[in-house]
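What follows is a group of structures, each given as structure tokens.
Consider the two complexes below, in which chain A is the common component and chain B and chain C are the respective partners.
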Partner chain A sequence: MKASETWVLKKTDVSKFFAGVAKEMRLVAPRYLFGGDVTFGVVESPGEIAWDYGHVIYPPKRFLLPHYEDMFRYECGPPRRIRLEAINEAPPQAILGIRSCDVSAIRFQEKFFGSPIVDPYYKARSDSTVLFSLVCNAPPKKECFCICCDAGPYLNAGFDVQLTDLGDRFLYEIGSEKGTKATEAGASMLVKAGSDDIAERRRIEVQADLLFETTAYLAKAIDFISADEVPDEIWEELGSTCFRCGACTNLCPVCTCYTVDDRAEADGSFTRCRSWDSCQYAGFTREASGHNPRPTFGSRVQRRFYHKTSYPYIMRDGRHGCVGCGRCISACLTKLGVPDVVKRIRRGMHKYLPAQDRAAEV
Partner chain B sequence: MNPVLTTCGFCSCGCALYIESAAAARVASLYPSANHPVSSGRLCMKGWNATPAVLGVDRLTRPLIRKRDRLEPASWDEAISFTASSLKRFISDIGPQSVGIIGSAKTTNEECYSLARLARGVIGTPNIDGACRLYDASIIHALLQTTGTAAPQVDVNAVAHAGSILVVGANVMEQLAHVGSRIEDAADNGCKVVAVDPRTSRLAPHTSLFLHPYPGADLIWARALVKAIIDRKLYVDSAPEAPGFEELRSSLDEAAGGLKAACGIDAGEIMEMAETLAENPPLVVMFGLGVLQQLQSTEIVKALADVAILLGGSVMPLRGQNNAQGACDLGLVCDLLPGYALLTNPAARKVWEVIWDCQLPAKPGMSAVDMIRACQSGEIKGLMVFGENVALSAPSTEESLEALDRVEFLAVSDLYLTETARLADVVFPACSFLEKDGTFTNIERRVQRVRRAFEPMGDSRSDLDIIADLASALGAEFPRDPRKVMAEIATSVSLYKGVSYDKLDESWGQQWPAGGAKAKLAPVSVGVAAKDEAYPFRIIASRINYHQQTGTMSARSSVLAREYPETYAELNEADAEGLGLRSGRPIRISSKSGSLVRTLMLSDSVPLGCVHVPHFFGGDSPNMLASYECDPVSGVPAYKALAVNVEAVK
Partner chain C sequence: MVLTPAKPRKMWGVTDQPSENLYMPMIAVVDEIFDETPDTKTFRLCFEDKEYAKSFSWEPGQFVEVTIFGAGEAPIGFASNPLEKSFFELTVVARGKVTQMMHELKRGDQVGIRGPFGNCWPLEAVKGMDLLVVSGGCGLAPLRPAILQILANRKDYGEFWMLYGARTPADRDFKYDLEEWAKRDDMHLLQTVDIGDDTWKDNVGVVTTLFDKIKIDARNTVALNCGPAIMIKFVTIGLLKMGFSEDRLVTSLERYMKCGVGKCGHCCVNHVYLCTEGPVFTYQQMRALPELKL
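Right after this comes the complex of A and B.
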């Protein structure tokens, strides 16, 4: 059983198959909570897995970059001794049912945290994680625009294992060595995919591509933003409606920024804790002198988009920093999701820059 | 690790959020519910940073008792019996009215109800009041006499479908993010948003009309608005049949004088506002602390309720605290019994005398502000404060601190050693909403479950347990299971009829009905805007995005606290130039009652003659500039529109 091979797993065997996987690693999968809410969590048995879920607002990135995480503990005790205790929890885990956009985002983060300086916390977790992604037969919600970002609704590469729901069975594609290894325990339950299976999968792809309601015309915005042509007025207009909640970055599966706090423990030791942070907060960029290079809300919205969609970052990261998951749309208290901002930049360019000036620039 | 679904304890939006705990008092993750009708997958900055705020490392973990002028750790038994014996002594020596209790709008419904019962039913004092007195109690009687319901009449989601919205004196985008977000949705759908506020707020991009009255002049323009609606017959057909219509009409006869000079808004603007609101139904009238903390607050609320009734709209008072609604519903109000029954009504008293097996004095008790003043005069010997940092939220800080220091016995229950707790003789370490079970009632009257996500920190206990401990020491047994308390509430308070934990667990809580009450129009009196030559500036106090109340919770989150590391005040550039003041330099803002120093910032959004003073943490609240002058009807201090002087610090 090798990478790039395609198999079929009957739905009647799914629980048994993943019970086998669970012997080697914990299973992280979507689960129903209250009132239709779904989130990824550690499941005790494969029966809990919500295979029919649509999308989750809280991205599974937290199993590699926890929302709140203890990094190490230290104690300053006499005589001039500092005792350091590493905390490194990286249990082997399989993330089941993760969507293509979130897989693409994790691959982005792995690159970011892997070079030039390796983040050992992230690396330990990503090394011990196998991603079983689940193709979206249709966009799970109206805010989805992964198709504009080359991050879904299905993947051609980047997955360890990719599952496609074909009704009574899953198409089972192996995409990496990790995927091959995780498949070993249940290999006997897989049968080679036939031409019908491949044809059905192709039909699903074509159909899914036609169902997207949200689009983000990123290419032109990338040009404008990279060349720093977007007038400040547009950024400030965007910033004026921002609620400063930070959800766009908290919930962005690509965003990597964090802050650290040293928490005083009752026994006199301290714990270095890290938690997600947001470039949309003033305190994120303010320097010790009090100077803030991003002093206004508009300038912070600009910062977010410069980071996500400008050439210098695209060159460094290998792709732009948006996977089209739509969370910045659904989590925003106003309308500062990526597609909205792109639209408002395009519209604003006409408003603030008269046509003749634009022509003269060219 | 399993996610616990609970209700956010910051503002009255009442978002549903999931919390997963790692170890003791350690959060692993926090995220909003996608399907809850208010949060709908979104949270504000305070919600996202809720856990560090309440699980701070300096949380009180043991009871404290003052010994030799120092607060020293003690056992629960010692703290409870010391408190009970002090209370018993005051009750037997002087009488139960020498005891005062101030409750909180942050605690659960079950705790608020039990506290009211402890005060009235066990101790026998009429002096029980809630923190609402320091914030928004001015809506209670004003709305009971007009709309008939001391609560918002519309749901948060209904705001998005309004045809017009009048927002008065509220920094709604920063304080109630979900209401603000729905206003923006409404505006995008073509709703006409009319804002009235001395300072330009973040609502501005979504308004079709933004009017700037002088601070403290709201009754003047509101009366003119009511008059314009009546004179031009803009009201709905049924309005003349509403009780009080003629009385209202004749109350407007008294001449009011030059409008523009008196309130800063001219007759043309009033007419534009009246027409906009009348032509775009359905109307929602919202008002916040900007009008709820003035000398004529009750009158202003009545006038705004009249506007809503005349135009067939609804009112939505914007109350800040998470359980402001429930605390008032369940009796933390000095002149009301649970369910808004008047204490002066003998039949209502009789009902509660049976339920609580006690005798109720007919005379309403002292308000929270009066209780603090009575600590100074000695009329109150023992004061208990639950979950409200009155040392900072009460007016005239210097005098209030002295009064709290002077009172013979002060017990405080709080999460942290607040400015109030530092003055106490006994401090009870309370646990936060993340460490207990109960319910909160949100801005749309939705009773929602609060569920324990963490074990109580240290030896801290829920206020429900503390209240039951005190009751027990005073010879009464209270239920300690919040489920049982709610069962009692559901059988005795008609608004909460049918509410049960089983039902609450089935869906997104239960809303108590707003309809049913017959609306009545109230006469509107003439507004007065006083001038004081010695204090030529008017204060505009506000709360910024990242802060809540006195900062007891929000200041503990490093992410929230770092947003504004330096306290500031804002002036218009022209005023600053006239006074020779420079941006970035310290200025002194002083009133008859006190003064504070802030760093000056310049802002176009602050009108001439005004100084904008945001609330910050610890000891530096604009409330310290207020005197004990209160709205005579509601007893809410006049924190807004204070006359102040502004000068450079030499």
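Right after this comes the complex of A and C.
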């Protein structure tokens, strides 16, 4: 059994298989909550896993870059002596049923946090995480546009293990050494994939590709944004509707920016912790003197899109910073999701439209 | 000649990091505190770990992240003589939460230090050329190590002009240095204040009003600036008018920062992380960043 091999796992064996995986590591998987919502969480038994779920609004990136992550603890005393105590919790974990877009986002973050300077917290967590991704047979939501972003609905590389739902069985593709290792315990339950399994998989791929409703024609926006050709008026027009709630960046599976705080504990010690931050907040760049290099809503929306879709970042990260998961579309109250902004930039740059139509909402 | 800020020999997280975890500070002790102005103090710091202190080196223009235990962390530029190996000094204005708490430190208190971060002033590359240093307010602090290094190797450089502006005579940092530099005959120091008082004999006005009084050959001079954003803007305009080429204007930029290693995302200007690729840039490099709107 080695990487790049394709196997089949019967659905009747799935619970037993992942119970075997759970002996080595904790299982993080989508599960139904009261009321029918689905979120990722640590599951006690594989029976809880919602294999038929569609899409989760809260991305599983928080199991690698927690919303609130403790970095180290210190005590101030007795008289002025400081004791530092490092914290680096990285429990071995398998993230099951993660969608292709989120896998692409985690690979993006691993590259960002791993080079050129290595972030020890992210590295420890990503080293101890195995991703069992689940192919989308069809786009789970009408907002999905991963097909425009080279991040789904299935992956050719980047996964540790990729599962495809073939009705009564899963196609089980191994993509990495980590995936091979995690498979060892249940290897006896896997059978080699036959030509009919591969044919069925191919049919699903072709069918899924045709079902996308949302599109984002990023290529032209990348050109305009990289060359700084989008006029400030368009950014300000876009920014004029922003509530600076930060939902777009907090729900983005790619976004990595964080802030650092020293939290006072009840026992008198302090914990240095980092938490998600958002470039959409005015305080993101405001200095102690009160000077803010990004003073307007428009400049902050521009910042978000420059980071996501400009050539210098694409060169550095190897891809643009959007995986087409559609969460910013679902979350934004005022149409500042990636496809809408791209549409409005394209329209705003339209040579033959009268100015008022260029700025109008699409 | 294209002048670019120099890469430092040591940078935290890349070559100079005592532990595997680059977010863990090293403990240093406040050795001495000097009052500079009513809201500015200079802190002399020594590392507790003597072995680490020996290996610690930095270059003018670089900065450290200072942890004030119980308050948080803030980026502060080195302000002392780089030739002095046994300690280093940080000059801090009490503005935010961390810096206000830092002002309450006493001798013997411990702080956390991570660093050095960032690139440095191009002091090697400008050897043999004339120098013009323009600084305003606490912008003198990150330039002071460069000035002291230049004065220590004075014969390597040509004419040396220095312009310094502050709000009032009392708001001038490093008054002891300014007094000594004013006496030197191998450098020209011109000072100005926005609001003078009875004892002030020098120029009154913003720092650009001193430009009429300097005699330099713009073709063979490099300008090093640091100060408030508005000062840098008008100094740059003035110097370009005097005939400086864009790659001879060197500026230290400032942004809100958290991590110092290019991860937290706060200090980005377009795609450039000030903490790892800056903070020192030529005007030519800054022009390539549309966000600065130059």
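Throughout what follows, the second predicted complex is superposed on the first by the 347 of 362 C-alpha atoms of A that agree within 3 Å, B and C clash if a C-alpha of one lies under 4 Å from a C-alpha of the other, contacts with A are read in each partner's own complex, and residues count from 1 in each chain.
The criterion applied here is as follows: contacts are C-beta pairs under 8 Å (C-beta built on N, C-alpha and C of every residue); 3 or more make two chains touch, one makes a residue touch a chain.
All values reported here derive from a predicted model rather than from experimental measurement.
Enquirer: Given the touch rule stated above, what does A:T334 touch, chain B (first), chain C (second), both, or neither?
Expert: A:T334: touches chain B, not chain C.
Enquirer: With both complexes overlaid on chain A, does A:D261 touch chain B (first), chain C (second), both or neither?
Expert: After superposition on chain A, A:D261 lies in contact with both partners, chain B and chain C.
Enquirer: After superposition on the shared chain, which partner residues are touched by A:F113: those of chain B (first), chain C (second), both, or neither?
Expert: A:F113 sits against chain C, while chain B stays out of touch.
Enquirer: Thinking of the overlay built on chain A, is A:D277 touched by chain B (first), by chain C (second), by both, or by neither?
Expert: Both chain B and chain C are touched by A:D277.
Enquirer: Give one of first, second, both or neither to describe whether A:R81 is in contact with chain B, with chain C, with both, or with none.
Expert: The answer is second: A:R81 touches chain C but not chain B.
Enquirer: Where does A:S176 make contact in the superposed view: on chain B (first), on chain C (second), on both, or on neither?
Expert: neither
Enquirer: Considering only the touch criterion stated at the top, classify A:R286 as touching first (chain B), second (chain C), both, or neither.
Expert: Touch status of A:R286: both partners.
Enquirer: Of the partners chain B and chain C, which touch A:D37 in the superposed model: first, second, both, neither?
Expert: In the superposition, A:D37 contacts chain B only.
Enquirer: Examine A:R244 and indicate which partner it touches, taking first as chain B and second as chain C; both and neither are also allowed.
Expert: first
Enquirer: Could you give the residue numbers on chain A that contact chain B in one complex and chain C in the other?
Expert: Shared contact residues on chain A (touching chain B in one complex, chain C in the other): 259, 261, 264, 277, 286.
Enquirer: Which positions of chain A touch chain C when the two form their complex?
Expert: So the residues of chain A in touch with chain C come to 71-72, 74, 76, 80-82, 84, 86, 88, 112-113, 116-121, 228, 256-262, 264, 270, 272, 274, 277, 279, 284-289, 291, 293, 299, 303, 306-307, 310, 312-313, 316.
Enquirer: Can you list the residues on chain A that touch chain B in the complex?
Expert: 33-39, 41-42, 57-58, 62, 66-68, 70, 237, 240-241, 243-247, 250, 259, 261, 263-264, 277, 281-283, 286, 290, 330-335
Enquirer: Would you mind writing out the residues of chain B in touch with chain A in their complex?
Expert: 1-3, 5, 18, 20, 22, 26-36, 41-45, 47-48, 51-52, 57, 173, 177-178, 180-181, 184, 188, 202, 204-206, 507-508, 545-546, 558-559, 562-566
Enquirer: Can you name the residues of chain C that touch chain A in the complex?
Expert: Chain C residues touching chain A: 13-14, 20-25, 27, 67, 69-74, 95-96, 99, 108-110, 112, 228-229, 254-256, 258-259, 261-266, 268-271, 276, 290-291.
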